[in-house]
Structure formats: structure tokens, C-alpha cells
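Below you'll find a set of structures to go through.
The same subunit A turns up in both complexes below, where it pairs with subunit B and then with subunit C.
Moving on, here comes the complex of A and B:
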């Protein structure tokens, strides 16, 4: 990963051997250059081969929900290997939510029935919360949402703890092999080789090849990039503490604002900006701080917007409002059915219509910002940052281009809440699939998958390669980078594998029986 | 709920006939009405419901999320119940006598409605794990 990419949990990318430095059990120039590998070529390189029917690459929540589905469809742990660098499936996700101000006690932006620990979504998080807290509050919330109350969303802690229970129930740990995946290549004669760089001291060779009929790629975000202006300031002035992206640890800024009154410049109109504003205002309220907040939107939304009366999204005060990161029906209703039929530019155009930066409308956020506007410590405006330079006594000088002309401000810190997702090529496994695996890009430039989530162009009969998660955004199903999206992908994959005879069909009888086992916490 | 039009109609017909049918078997003796009457009432909810679903689908088009909030699924008992009672009172439901007691109708209609609404908002997903991702379609 490059310097302009935010680091996520896991060690850095291990280098390939240089010319002439190939040791036994390592990749050879022949292998690196060949799209289809024979058993002989792998054996000549001295790379040990492990046979297993199904390999999942990544080991995050995408791998977890897929393995969960397959286990429920009767696949034994011995038939699955998850190759990962993560300590737990939720490690990366929890890291990102924590630094962007959603610790375990705070609520996610996720529906009550989007339960990565429960493929049925029943009982939902709201029901379980009501039972655990012996309070009907969450039930009332789901009854009247989104009309009389905000959408119910589960606490991050509830999601992690319930995933941990399911992790133990399905014996997920037995499927995990620690290490870094270098590449997946098609095998002459069918299936795939997945090359793993095992964790230090666990293997006599530098590489191990997993030979499987099926491969599932769920490597998560290729990377979150810093915006160029932010990068330039930090590198030129060697100041990494005052100008930050919200997805990196930035607790120091809240501490500085607590130590002395200051002004902070927040950029962005998404949920991360909402979270950061909430933290700033909560601190202001709880500690009696005098923090002034400047909030710059690139697109300042003043009201409901959309192409026609049947496609109009709420908005105001700068924000575009939406309960979840897509209109809700992409996860099962009308929009899901509609996108499934669209190809090429038509699909990209619909994604553009319901995409764009947005945040949920939540009553407590509305109250805080209304108060900020009234008391004149929160100022939101349309504009762009045109320059950042160090100011006196540790401050930052920001030049802005606004609707009212250029403006200069001096602030304690700049918190950038815009995320620029890196190209899929930034991830080495995905880059290799594009260069050697036959994979291509969808209309949004991400990994092109079929409706079954098979990666188009990578088939190695009778094998199949699937992908799910953020890397596949732009396909026949939107909302891939969400809890429910990962489960929908897992279902499509399991249905495809069932047709190929790899797992059992999840019909009404099996489904009900398996749910009963889940409800009783019975190990499978 | 995230229904498509097709899914709405399929779910309405299936759940009312299966779950509503079982409940009607149980509730009819309790409200002192013959099965001939209670099952025709149930069938009328199904038949009229298909028309109602068309209207709900139209209303749903004005919602950005294209969802159908849980509360709507409960409150539509009011308009549907009122229309059905008006039709029964007018003698327009064949097989249901005009003199059916209002109390008996109310108990049957509301209890069936609430049970069907509860099933659709959760337990339905247990046997039919694909159903919620297909807009409520079963086939």
C-alpha cells in the first residue's frame, strides 16, 4: 500500500523474491509470469500443496458470513480454509468504527434485521436488545420507524458480541489459517491455487499453495486514501497531528480542544462527519468547552432533491438525508430487483442517482446542530479548501473558496471526513486477478461479478471463484459493503454452490431446523 | 418490509391462507361463527387485499427508500377492516349474512391481522430464508 493510503490492521505487504534470490519453496519467475499453473510447475518450485475444497481469502466479516452460510448448509470445517491476517473477522471493521467515533457502546448505521451472526435476521437486534435489557423501547422503535422515530440501529458491541458467539458455534477457528495471501491463479485441470505467505515460524517454506475447487475473495476495502491537499500539507510541513482524516486515530485533536478553546474545520457531508460533529458537540456540552466548528460541504444540499417526484431524497442544511448508505429497498425490494436487470451505463447511472454522500437524519444530531447554528458556534457552508499552511502557535491556516468568495480561516485542526476509496488495483490480490486471473471491471470500475457473485472471466472448470464485499461495488446488487449485503452475497454463493453439489439446499425444513439449532446455541 | 408488487401479492395470499387459515380454524368456535362464514371473511381479505396492495404499491413509489414501514403494515388494518365491514353490512360479500355481529367480525379480523403481521415481520424468514431478499416473493 502506498503512503497516501490509510493503514488497516495487519502487517505490511511481504515482498516478492528478487531475481536470483529464489529459494526452494518460493515463487519462481515462471510462476509469477504464468496465468495458468500446472501441478508440476508448483511442485518444481518446491512449494508445498494443501488440498481443500473451499478457500476464502480475507478473513473479515465477508469471509465470516460466507463460511457461516456454508456451515449452515452442511459444509464441514475440514472442507473450508480461511486465509487471513486478522485476529478476528471483525478486527478491521471494529478498528474503522472505533476511530470514526463508534466505540462498542455507540450505534452503527445498520438495520435491526441485518445480523451477521444470524442469516435469518430473526430475532432481530431490536428484539434481542429488548429481551436483554427487559425494556420494550427498542421494539417500539422498530414498530414506529422511520415515521415517528429514527431508524433503530444496533450498538456496535451487540454486533461484535453476537458475531463472537456465532464464530464459536460454527467452529470458525478450525477453518482459519494465518498468513498473507499473495495471489490466486487458475490451475491447469481445474480449480485454483491460492498462494499463502504463512505467519512467521509456522512453515518450513516461505509459501504454501492451497489447491481448491472453489475460491472466495473477500479482502475488504482496497484502501482508504487521503485527499491530495491533506497529503501535501502533511508531507511538506511534517505536521501529522493537526490535519487528519477521520478514519485515522485523532484523539489528540479532541484533547487539544479540551485543553484550550479552539476552532476546528470539518470537511464532508457523510455519516463520519455527523459522528465527528457529535463528538465535538458532546465534548462541548459535557466539559463546557468553547469549541467553534466550521463545516465545509463541497455540495451544499438545501432541500429535497432527485430527478422526479418518485425519486426524491430528503435534504437540508447542507446534508442529503438517507437512513442507510443506500435506499433501503436495495437490500431486498424494488431497487434490488431493478438493478439486477441493468447493464453497463444504465446501471452506473442508477448507482449515481441513489449514491452520493449522505447521512441519516437523527433527532439528536438535528438538535445539536440547530443549537449550534442558533448559538453561533456551528457554521456550515458550501466551499472547498484551496490551501493549507501552518499558522502561528500550532494552528493551521486554511484558504477556502466559498460561494461568497475566498475566505481565510485559522483553526486548531482540520478533520477530513471525506473518504476516497482506493482503486481495486491497490490491493495486491485484486491486481493479480486483473493481470493474470481473467477478472475485469464493472461499470463502476470495481471487480466485475455475476449475479451469483462469481468473478466474471475467472472460471476454471469445474471450479468457481467468487468475490463479495466492497471490491464488487457496482454489480447487479448494490449495498455489497454492508452486513446485509455480505449475507445476500453469501446466499447467492451458497445457492450457486448448492447447484454444483457442494452444499445442501437451504429449503424450509433444513432452514427451520438450522434456525432452531442457532436459537438454542447448539454447535454445528 | 421491502416488497415488490409481485412479492406483496404473493405474501398476502400465502400468509393469509396458511397462517390466517390455521387461525380461522381455531378462532371460529371461540367467536361462535360457522366456518362457512369465517372462511369467506378470510377469503374476502385475500381478494380485496390484492386490490389494496396495488394502492399500497403506488403509495410506496413516493417513498425514496421504496420501503413499507412496519407501522403501515399494522395501520392498514383500519382501512381494510372498515371497507370489509361496510361491504358485509351492505350484504355485498356472498356467503356472509348481513347480521354477522360486529364484535365477532372485529375479533376475527383484528386477531388474524395481528398474527399475520407478526409472522411477516420475523418468523416468516425462518423457513423462507430467501423471501426477504426477493421482495416477498415465494416463487
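Moving on, here comes the complex of A and C:
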């Protein structure tokens, strides 16, 4: 435990740092205020410097996929450092999927060929599943989808296990340095300084600077933002158990409904709402529960919708249906081509057109909800929650504004399956890039990147700074926050780095050879 | 201002509202009621012995958050913050504390400052002087009333060493720290400051103002304000050296400070070498002005997330008053999320707002601990683990429940296998632990997915993990936690 514990609020505040407040190895006011750092200023501050050509900040799946690509392009582990707080690249993703009711045994919403462990996408998850289970079922599925069957999607566990194998194969672990990145600043003379707060006890100083020619920022979602009404209810009534967001652990609600019959209010129309409903109904079926489900949509979709006949999305019963979170053509079709050419408001408008909350149409979900409507234990309606107050004996009183006027309901729990993504400024590294790194925002307000995923405005010749993942959503390539999007970003970055002479070209010979090594599980 | 020289709050007429709550004053105006109600909610939640910092962070978070009030809401608060006074102004509101005049109208966002204590005038712009008639009788102790401003003067110097008050009409010279008028840079503080760097220039923070120098001395040079993450450096402390000058002119004699004789709060805070022993620190002026009795009983735990605010520890330094102590009951050492909510250091996402927890430096902060989880019983009853519980057939037979040390959970069991006092659910830092209280038939636990029950040895504590089941006699409960820490 650090010695610099401070107390908030109350009479005792921070211990007086005394006149020598800036300890050696700490950021000096000079550094904090300067956009471009000289080697001299960093050494004057007493911050130790580690030289490495390529630094990736984040350490999630974005970093993993990029490092995987570079390793396949011949970059040794000694030339790469991944600065992260995560135990494994999939740790954060797995947590979010698990709590939002996609444990390892359940299926993700991702295409068969989007394999973060395999840059070629071959063999796809469906092929590998068919081989592992010795059953052609998944192959048949991908052949006839989406007409005769739902889209094939891999099980979460399959994705994590295959990533783990690739993680070991490319010796990812030896690139990882644990700690928290505080900022990335440009270096006078080219390249960047990345300030790391190392894990406790691993460094004599509080900060370590990584001096690199290239920096890759993949810090993922800045975070979720629970809606204000939810936060206010919890803050005011100190009840964290009855009003929950679906992206946080909320097993207690299923336990309570199993212990005693109750009504639950679900809000939202995305895939998480679908998964939560499935869990509620699965529990209902398996344990013979009498759970009543109220489902409130802010926008109640009653049918197919879209600007014209070639750009329509199916819908009904409140939901907007789409196989994946974007139309498939954003990854390789006409939408990808169109967005690549658009700038400013035009790009934002097209994003708005194909964006929006939606969920895949899955036959088992359809069956469950149809049964619920028929047996009158599932009620979906348009409305908004206007107030939440504690009700008698552990219930929650929810005031709703609906199409039929205000309504009050008494429920056991409220599961909020909506959520806003926080602004990129909420992430301190991104905020620092905006303030001191020269980075800007794209038409959607996220980090503005070039077609090569270089962060626009941050160049420090001959260095480059790249970014991928959710923080760059809104750029020339849509779908960046998906497995395939991360791989496409990694490909663009590797191409750019190859032109700069940092890695080898992935031509037909190298690609075939590397695929062969991958298929045989040979370490590189 | 002479209407309120004795610590009474005098409300000035106006079309807004005035609130006086423990530790703070608030003046606000808005055509709609809802933003006012929310403002008061924030004030009430923060009010207490030292609401200044908490309130400032709450308000800053509110103003920048998704539920930010409309621009038509103008408001100002003045609240106690250690030995200083925190002023927060948004819109056309002016505050005057001692000799420091601040205006919210001059800021693009808001004005947020710590200033030395002194008589307070907080008023919406355009509000007139205090009523002349019966002024001596006016006295708002606590509550919310209609008005446009409020004046609170110096406290009645009951315990002070005989302040001379022969001339009640004279301008109040309550704190002879720095009687000269000064202007401050009334600009929104834009500093993202790390918690460890909370200390600031001691000269400014403790003695209220530089003792000499040019007349218009900003408390901090503009450069220091603009610098993000201001690690305290050789900043303003070197600038104004104490020396002879008009600042020393007011004699320290008539100081009505209840503290020991001496110039200003530096002595009251017990930092002056050679001062009297500080066995009992004297009540602060801010306490007297802002209505906090020094011996106020401890209030119930703060609501979760109140221990801090938006996370930008932007208030200038802050008087370091007391020695560091460990967490009190209901408190814990944790990490703040970027929005200032206290969390288990092991959690990845904020338990209150959902933001990632990798936003901040790993400095541990002591604050009010949010609830650690829920006990879900097999009959559907749930108990929030924000207190410690004694579980059993007749837990109230135990002295610890009768004295209020533990809350009771009465478990009825037809099998008769539950003891009167069966088991305790205790809180150990960020962990919830189960202790068997020497029950006759034992207490058992089972990890999630594990069908086997494991006995908990009497008197030994057993950490509860999320999803863990607990059995007492024929009854069971499950522990679930919102933090995701396993």
C-alpha cells in the first residue's frame, strides 16, 4: 500500500507534501505543462527512460490483435512493449460479456470469420467448431445462414481459448509491462514518451518513461455511463441491488426471483436486453418460476424501417433486428467504400443511418417472447422511466411515461440494458492527447484517425501514433469496435509501419508460411 | 454588513432562494423548480462538518454531467472546507468573504475557490443591502427561504479574549490576517490534479494571504492555475516574502478568533512553533460562520460517491489541519473513479457509475465505503451489506445488537437448527466475512457451482465471494456483490 494515502473529505486532508513535493522520478510542473518533451527535461525530472521501438497502450484485445499482426510481420518481442493493467488481453471483455449474461458457454454476436486469434480468418470458428465437435452442424449453419438458420456465432469460451493459444504462440506475455499509463507526449527530436506508473514495488520511481518511435493507443471503451436516474436512485437510497445496469454483476436479481415470485422491469432494445430476457425466461422455464417481465422500449419499432428499399432493417414487437451490430457491408462492402470517402457531417449522417440500437433475430428468442406474450407474462411497451423510488418490502416503485399516459409499477427489480458510452475525455490518456498531444475529434466526437489509423495531428517525425478500437469510432472505417474491425485496423497499421520500414511485408510467401506456422501451433 | 456581525445569517430580499444548511450557505435563482430542487439535494447531501470540497466536486460533476441544469439556474455556495471557505459560483452571483470578492458572472463555466475565512456576503447580482429595520433580530439558523442573498458576519466572540466592540458601526475587522482589499482571478479552475498533490503553497493556504506585496495579489500566479496536474512546486510560496508593510498594521489584539492569541488561523491550526499545546484544537472560524457546531455528533455515513466529486482535485491546496489517521467505521481506503466515486481497489469498473477504474493514479483515498453487496435469503428477503449483521433466531438477545453495534437479521427455521445468535456478517476493509458465533449446529458455505457444503470453524472468519451460499440450519442465503471482485 502506498504511503501517500490521503483522506477525503473530512478534517484530515492530504499530508503536507512539504517543500520537496516533487520527488525525483515524478512529473515536474515543467513536464506537465509542456506538449513536447526533450530528453533533457525528462532526465532532469529523474524519470528513468526505457527505449523500445513500439509501445502499445491498453493491453486489451486491440493491443493483442495489433501485436499479433506485427509479430507475424516479423517484429521480435523485444521491439514491442504493451503497457497495461490487465491480466490478460481478454480480461475486460470477458468480464463485460459474463456479467451481461454471455458466460463462456454462450454465443457472442460475432461473425464466424472474425477471429482475433487468426489474422487470416481461416479456418473460421465454425470450421474449428465442426472439427472439435466432429459434427457438420456449424458448417451447415454457415452455409444456409441467415435464411434457413440464424447467423452462426462462436461461443465466448471458444474465442477466449483460441486467443489464449495465440497469446502463448506469439509469446505475448514477454511484451507486457504491468502498470498504468498516465500520458503520451511527443518528444523533441521525434517519437514519443509514454509515462507509465508501474505496478507497486516494481520500480524505484513512481513513473517510468517509455521512449518509442511508434505508439499505439487501444484503451477500449472509456467506460460505460450508467444513466443518471439509475445512479441517482442508488446514490440516494443506497440500494445497489434492485436497480442495476446489465453490464454490472446482477446475479442477485435472478436469485431473488428464484426465491420468491416477482416482476422485473427491463429497459432497452439491444442485444444485452435480449440476453437478459433469455436468462429470465430460461430461469422461468427451468425452475418453474412465475416471473412477470415488463419491457420498456424508448423507441418501439413496429416493422421494417430505413431510408430506402436497399437500406432497410427488419423490426417488430419493439425491436430493430440486425445480425451483427453493424450491417455486414461496413467491413467489406458498399458501406465501407462509402464511408471511406466521406468527411464531416456527411460521415456522421451516414453513421447515424446505419447505427442505432438493434439485436439479432434469433429463433429461440423469438419463440420465448412469443410464448411470453401469449401467456401474458411478458409485456413490451413504449415508454420512459421518469422516477424510481423504493417501494414496500424491498421492491422498487417505477413511474413511467408511456404512450397511454403515466403509469406506476411496483417491481422487484429494474434491469437497465441501455447505457451511454462515456466521452473519450473521460479517459485520462485520451484527454491528455486532446489537450497536449495534438489529437482532435472526428465527426462523432471520438478520436480522429486517418485511413491508416494514425491519430491525426499527433505526428512526431519520424514517429507515428496510431489508435484503434472503440475510441476511434466515427472514422473512415466503421465497425472499429468489433473483432474484425480491430483486425482491419491492425492491418492498416502494419501496412503503414511496413512502409516506414519497421516490419516486413506480409506478401503471399510470408503469409502462407506464417499461416502454416499458425495452423501447426508453432511458436514464433 | 454590520447587521450581521455576530454569526447570524441575514437574508436579503430577492426573487431566488436562500438555504442555510450545516456548514454551508446557498443562494440560487431559476424559473423552474426542478433544478433548484436538485441543487438543494446536492447541498443537503454534502452538508455536514466540512462540506466544502465534497460540495464543490459534486456541483462540478453535476454541471458537467449528463443531467446538467439549464443555464437559467444561477447559484452560489459558500461552505466550510477545513480552515478555509470554499466558494462555488455559477452565473450572475457574487460572493464576498472577508476582503475577497468573487463573481460567477465573470467566468465562462463557474468559479471555484478556497479563500480565507471572514464575514460572508453571498447574493445574486442586483440584490440590495440588508434590511435596516429590525436587522439585529434577523437570524436564519437553518432551512430554505425565499430571498436573493445572505450575509453572515463574524461569530459572537464569546470565548474570545475580549475583543473590543465599542464601535458597532465600524467596518468589521474580524480577521486581521489581511485587511487589504484584494482581487482574485475569478476564473474556473481547470486543473486536473492528482490526489497526492493536494498540498499547496502553505503560505497561501494557511495564513490566508500573502502578508505583504503589491495590493492586488492573486493567491496564485496565473501560470499555476493554468498548469494541469499541478504538482506542488516552488510556486507562489517563494513570491511574497513576509516583511514590514501595511499588512501588519492591524494589531492582533482585537482578534475575535476563539483560538489562542495570535495573528490569524495559522495559530488556530496549531502550526505555529512555540504556540500553546494543541491538545484541543480551537473551533475554526469557518465553523462559527457557516454554522457547524464544533461538537456536532457524527452524522450517518455519507451516501456512496459523496466522498469526493468529479475527481478533479482542483481546489487550491487546502489547509492541512490534522494528522493522517486510518479509516473510521464506515470508511475504507480505495481508489476513486474518474468521477470521484470511491471503489474497491481491485474492481475494474466503478460500482456507482460504471466507468473504468484505470483512469487514475493508484493513490489510495479514505472515504465513505459504498455497500459491498447483498445477502439474498431463500425467501427472497434481501439485506444490503452497508452495515454488519448478526444472524440468528433471536439476534436481539445479543448485547451488540442492543447497543447498535450490529444490525439483526431474524431467521425463522422450523427445523430448530438455527441458534439464537448464529453467525455474523462482518465487513473487513473491502471484504465481507462470515463468522460463526458458536452456533450449536454450525454454519456452512458453498462456493458457486460447488454442491458440497464446507463448515466454517467457530470464531474464524471466512471471506464471502460473490455467489457464495451460506447455510444456517435449514435456511440459506447467497452473497452477491456489485463490484465484480472475486
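The working rule: the second predicted complex is superposed on the first by the 504 of 524 C-alpha atoms of A that agree within 3 Å, B and C clash if a C-alpha of one lies under 4 Å from a C-alpha of the other, contacts with A are read in each partner's own complex, and residues count from 1 in each chain.
Everything below uses one rule, namely that a contact is a pair of C-beta atoms (placed from the backbone, for glycine too) under 8 Å apart; a residue touches a chain by one contact, two chains touch by 3 or more.
Because the structure is predicted, anything quoted here is derived from the model rather than measured.
Trainee: Now for A:234: first (subunit B), second (subunit C), both, or neither, which partner does it touch?
Mentor: Touch partner of A:234: subunit C, not subunit B.
Trainee: With the two complexes superposed on chain A, say which partner A:123 touches: subunit B (first), subunit C (second), both, or neither.
Mentor: first
Trainee: State whether A:105 touches subunit B only (first), subunit C only (second), both chains, or neither.
Mentor: neither
Trainee: Go through the superposed model and pick first if A:405 touches only subunit B, second if only subunit C, both, or neither.
Mentor: Neither partner.
Trainee: In this superposition, which partner touches a larger number of subunit A residues, subunit B or subunit C?
Mentor: For subunit A, the partner with the higher number of touched residues is C.
Trainee: Which partner chains sit in contact with A:95 here, subunit B, subunit C, both or neither? Use first/second/both/neither.
Mentor: It touches subunit C, and subunit B stays clear.
Trainee: In the superposed arrangement, does A:334 touch subunit B (first), subunit C (second), both or neither?
Mentor: first
Trainee: I'd like to know which partner A:288 touches here: subunit B for first, subunit C for second, both or neither.
Mentor: Neither: A:288 stays clear of subunit B and subunit C.
Trainee: List the residues of subunit A that touch subunit B in one complex and subunit C in the other.
Mentor: Residues common to the subunit A contacts of subunit C and of subunit B do not exist here, since the sets are disjoint.
Trainee: Sort out for me which residues of subunit C touch subunit A in the complex.
Mentor: Residues 41, 45, 49-54, 65-67, 82, 192, 195-199, 202, 226-235, 237, 303-308, 318-325, 333, 336, 338-339, 348-356, 358-367, 370-371, 374, 376-382, 384, 386, 466-467, 478, 480-484.
Trainee: Show which residues of subunit B lie in contact with subunit A when the two form their complex.
Mentor: Within the complex, subunit B contacts subunit A at residues 1-4, 7, 60-62, 64-67, 69-71, 74, 122-123, 125-130, 132-135.
Trainee: Taking the complex as given, what residues does subunit A use to touch subunit B?
Mentor: 113, 119-124, 127, 142-148, 306, 309-314, 322-323, 327-329, 331-337, 488, 491, 506, 508-509, 511-512, 515
Trainee: Any idea which subunit A residues touch subunit C in the complex?
Mentor: Touching subunit C: residues 1-2, 4-19, 21-22, 26-29, 32-33, 85, 91-92, 95, 99, 180, 182, 197, 200, 220-228, 231-232, 234-236, 238-242, 244-245, 247-252, 255-256, 259-260, 262, 394, 419-420, 422, 426-428, 431, 435 of subunit A.
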